[in-house]
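For reference, chains read A, B, C and D in written order, and residue numbers begin at 1 within each chain.
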């Protein structure tokens, strides 16, 4: 049971989409700017996943950071900070009988890290 | 026309709810932690509003930061950093023929800054 | 008088340099990721300045965001989010009789947004 | 050798203090706002440490998040987001022959998460 339900004026599908949007923007706006190199990229991916996982109604989440742009640390300045276009996030929200699969990934033709709803399922 | 529409698999109401969730989480996760006192609170409110306003499908947005917890600057350390529970955000998303009114505010009974959908209208 | 002085084990010049480092990193890690376009760039610059200004020992601060990379909003997706390499920050810390002038700017030869100490003056 | 040295106008002790300030503020302003509960607190500590560790001149860093305020997840809303007062950070910067030990911790008497220089050593 969702103890916040009284504050919402929408159906379960709409609610699940709303929650999906919240989580994708959390990843983007919380973690963009974090220092990242080959040395910490995997730890950072797992930490982002675990941070999102404890938010309401998240059942699964996978975060991949594009390694092709990362540097091996050869001097003190050889690292980047995370940008939206390096992020690929896939997550599943479950709210009541509704599952939403949402994704964030860089769309080359738009030159934009797009957050999108891939699928809504009802059981 | 929405040039990203091909990437979505949902109706206009669900899309508008998704976009609303993105914007509320942007406010929270981008700006929580920003230094704030009576001296800059209004400037910060306007800057958050203008930052959200340029994101896709936002038609209106109002940000209020709770002033009762802010300090007048009497020494160098008299300021706070923004927390979620100080924020009240109200916004309108318009996607195609759908309007969504969404809100973030601190709910005392939950001890939680809740993001919620207040209303969905179709024209 | 600095009420935190008892917690420090360094001279006034070293303390002023430490404070300068804190402020430049605040700008970077708080605001990188913020949505920015020609429409809100000036508001954002002023908000960053005012946020830094209320932190301890900041006497002056100027923030410039590189406009050459910003887009005029022609469709819903025409905006960027702030990156470190778009930022130019200049600030003056005053601690006791010491002034530190510090700067953050993108250094092309290093492909790196460098934070640096330009000058330390004593009176 | 530090390839950015030409941009600095200060001695090695002052530079090391500046670098220490940058790193403590990175932790605060990058990670405050991140969702945290008993389930992800340790992963988050390690990710913050590894993110700081790849920044220039950091030799050691320990991050502890105050567990007394975290919640066990009993419903969807049982988590917090990280605040400055929950953070205890201890780090060592080495620049040339200088070591700086710096710390951030919540000081109760000041009601403030203070960043401080504990010790400067030369070899």
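Methods note: a residue touches a chain if its C-beta (ideal position, glycine included) is under 8 Å from a C-beta of that chain, and two chains touch if they have at least 3 such contacts.
What you are looking at is a predicted structure, and each value in this text was computed from that prediction instead of being measured.
Chain pairs C-D and A-C differ in how many C-beta pairs they share in contact, with the greater number at C-D.
Centres computed as Cα averages put subunit C at a distance of 18 Å from subunit D. Per-chain CA centroids place subunit A at a distance of 25 Å from subunit D.
Centre-to-centre separation between subunit A and subunit C, using Cα means, comes to 28 Å.
Across the assembly, subunit A contributes 3-4, 26, 28-30, 33, 77, 110, 112 as residues in contact with two or more other chains. Contacts between chains leave no pair untouched here, as each chain touches all the others.
Residues of subunit B touching subunit A in their complex: 3-4, 7-10, 13-15, 17-26, 28-30, 102, 107, 110, 112, 114-120. Subunit D contributes residues 2-4, 26, 30-31, 33-37, 39-40, 43-44, 46-47, 50-57, 73, 75-77, 79 to its touches with subunit A in the complex. Those residues of subunit C whose C-beta lies close enough to touch subunit A in the complex are 28-29, 32-33, 77, 81, 83-84, 110, 112.
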